[in-house]
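Chain lettering (A, B and C) follows the sequence in which the chains are written, and residue indices restart at 1 in each chain.
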Amino acid sequence: MIAAEAPDDLVRAVEATLFAAEEPMSAEQIALHLGFGEKGAGQVRPAIAELARHYEGRGILLVERGKRWHFETAPDLAHLLRREKEELRRLSRAATEVLAIVAYHEPVSRAEIEAIRGVQTAKGTLDVLMEAGWVRVAGRREVPGRPVIYATTLVFLDHFGLGTLRELPGIDELRAAGLLDPVDEDMIEAVLGPANVRKTDEPESDPD
Amino acid sequence: MIAAEAPDDLVRAVEATLFAAEEPMSAEQIALHLGFGEKGAGQVRPAIAELARHYEGRGILLVERGKRWHFETAPDLAHLLRREKEELRRLSRAATEVLAIVAYHEPVSRAEIEAIRGVQTAKGTLDVLMEAGWVRVAGRREVPGRPVIYATTLVFLDHFGLGTLRELPGIDELRAAGLLDPVDEDMIEAVLGPANVRKTDEPESDPD
Amino acid sequence: MIEAPGLFDGWGGEDRAEAQDDALYLEIDGWEGPLDLLLDLARRQKVDLRTISILELVDAYLTYIEQAEALRLELAADYLVMAAWLAYLKSALLLPRDEAEDPSPEEMALRLQMRLQRLGAMREAAGRLMGRNRLGRDVFARGAPEGLRVDRKSLWQCSWYDLVRAYGDVKVRSEPVVHMVRERMVMTLDSAIQRVSSMLGVAIDWMDLRDFLPPAHDTWADPRLRRSALASSFVAALELARTGKAEIVQDETFGPLRLRAVKP
């Protein structure tokens, strides 16, 4: 009770730092900023935890997003604060679907996205998601053709209020049901019409 | 005390509103924002007062400026916003030379420094020396073009443990101390008369 | 916020199933390909995608395609390809089983069903994701953060020795380069011409050039001065030969040079 009323200097410093920061900060970044050096994260973590506790139930919360901390307004106040910003363009259905596929399957190639959706994905769809800062190129898959693979960003976690990708809605059930398993190319061929049926007629072409 | 632990919804709403605001807000603006209408300021004022009390002594404060409220970093923590990080850096060779020339020849213009060094002196070099606090602008020389002239500072004398610039060794002392010793054989031969004369007397013996 | 229904019922995102049936047949451009259309038709069966009847789904798809054709809607080729494949699947499912068939119609039907489940799951996940409280719309970061800045301040290091040494280097480098040549004794060309011509005047026969040099003692013992005298005497001889006062012979290359006066 008294601690909450009179936070110690470290807690105050972490509080001020996180309030003033323009971007979410990791414990390491906070420690570095406060002069604890690169290995000072352990020293600031208890202060972060105390702050998070202190703000529980208040109008603003200290939340962790991808191991980085920032203050944001309490979600239950959304109805009072909600603004439809113009920048928050409405994503097309295709774009939201691609975003979900990237998030639930990451890292994922464009071909894999297309296999799930059953249609070609316009280049522009991924561009829009990358421009929004939600999706990034995460390298190439080391298979023939070395396709580019995509993954989500920290901004994505921030924006959708996710601490980690494990907090994606329903991800555990989807995984348990096998619905996030790697896409089976032959299954696609089986579905996508005569050309593929001919292919699947060749026995044992299935690598699985 | 209990209120501080569990703020009521109005306090929470005011807290979130002020936190998310891009500019300081008056009680009227807050009331309007929260849907209390134009005359709701009286209703939100107690909430503002309670918030201001709550944040007393914390890392951030709710402060009033010209009847408008906003959060800001506690004054005693302001140094956290603009932290200075000191790094030891060795002066570059060029900068050391320029500093020496200023010390031996002050006051001296950039053109004169260049004439003595025999190479152009980047503007940045003098900037570094001024940033270090060792060189200052000492006015302008009253010649056409009125070039800026540079001189050393008291900080310079302190740093190098000099009472006055006269304590810097003269050319003869430098030579005696071996500080004019060969760096480059040919250069030395050009300077150190006798050795050269002997050599030019026996041109056949010169391997060149 | 979009209400997120149960995870596996295949419903999610925009609730297009509420659309009127006739609207369905005018909406061919509204689907992203045949799989999307199939998923929508599956949703209309209002059963779990896991237990959906593929035969009923195939019928719904084929009916839709027929109606669209009757309405003279232009159908993209892939819709027709899918229709043909589904017709084939349907007949395979209905006809007596051919054991040699690989994959079996049931397996193909199962795969189609699995694909629909996956797409349905992602569509629903997208709906739930977009319906979350979103930063900048529902929850907000601090509106006017002061910002953190770290000013890197350099503490410059330079020792007294570095300073003085640097000045020494500058001085050494910038000292004007002077080539000193010591003055030394030489026999000038004029004196050589005088000496050679006067000696030639009294000579009777050929004389070796070296005999014109002063005797090698005292000052003239210096080999450097002797070299100068030899060079000057040689040039003097050439000069006298040029003006027709002397002739020079050399019997072999690098052999001794001999001179005699030309009698007028």
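Simple rule for what comes next: contacts are C-beta pairs under 8 Å (C-beta built on N, C-alpha and C of every residue); 3 or more make two chains touch, one makes a residue touch a chain.
Quick caveat: nothing in here was measured; it's all calculated off a predicted structure.
> Of all the chains shown, whose C-alpha centre falls nearest the centre of every protein C-alpha atom combined?
C
> Tell me, please, which chain's centre (mean of its C-alpha atoms) is farthest from the centre of chain B?
Relative to chain B, the chain whose C-alpha centre sits farthest away is A.
> State, to the nearest whole Å, the distance from the C-alpha centre of chain A to the C-alpha centre of chain B.
The answer is 39 Å.
> Just how far, in Å, is the C-alpha centre of chain C from the one of chain B?
34
> Would you mind pulling out the distance in Å between where the CA atoms of chain A average out and where those of chain C do?
32
> Among the residues of chain B, pick out those that touch two or more other chains and give their numbers.
Residue numbers touching two or more other chains: 16, 19-20, 71, 73, 80-81, 83.
> Using the touch rule from the top of the page, what residues of chain C touch 2 or more other chains?
Answer for chain C, listing residues that touch two or more other chains: 140-142, 146-148, 150.
> Report the residues of chain B in contact with chain A in the complex, numbered from low to high.
1, 4-7, 11-17, 19-20, 34-35, 57-60, 71, 73-74, 77, 80-81, 83
> Quick one: in the complex, what on chain C touches chain A?
These residues of chain C touch chain A: 4, 7-8, 13-14, 32-36, 78, 81-82, 84-85, 88, 102-103, 107-108, 111-112, 114-115, 117-119, 121-130, 132-142, 145-148, 150.
> Can you list the residues on chain B that touch chain C in the complex?
Within the complex, chain B contacts chain C at residues 16, 19-23, 70-73, 80-91, 93, 95-97, 99-101, 103-104, 116-118, 128, 131-132, 134, 159-162, 168-169, 171, 174, 179-180, 183, 187-188, 190-191, 193, 196-197, 200-201.
> Please name which positions on chain C make contact with chain B in the complex.
140-144, 146-160, 162-175, 177-182, 224
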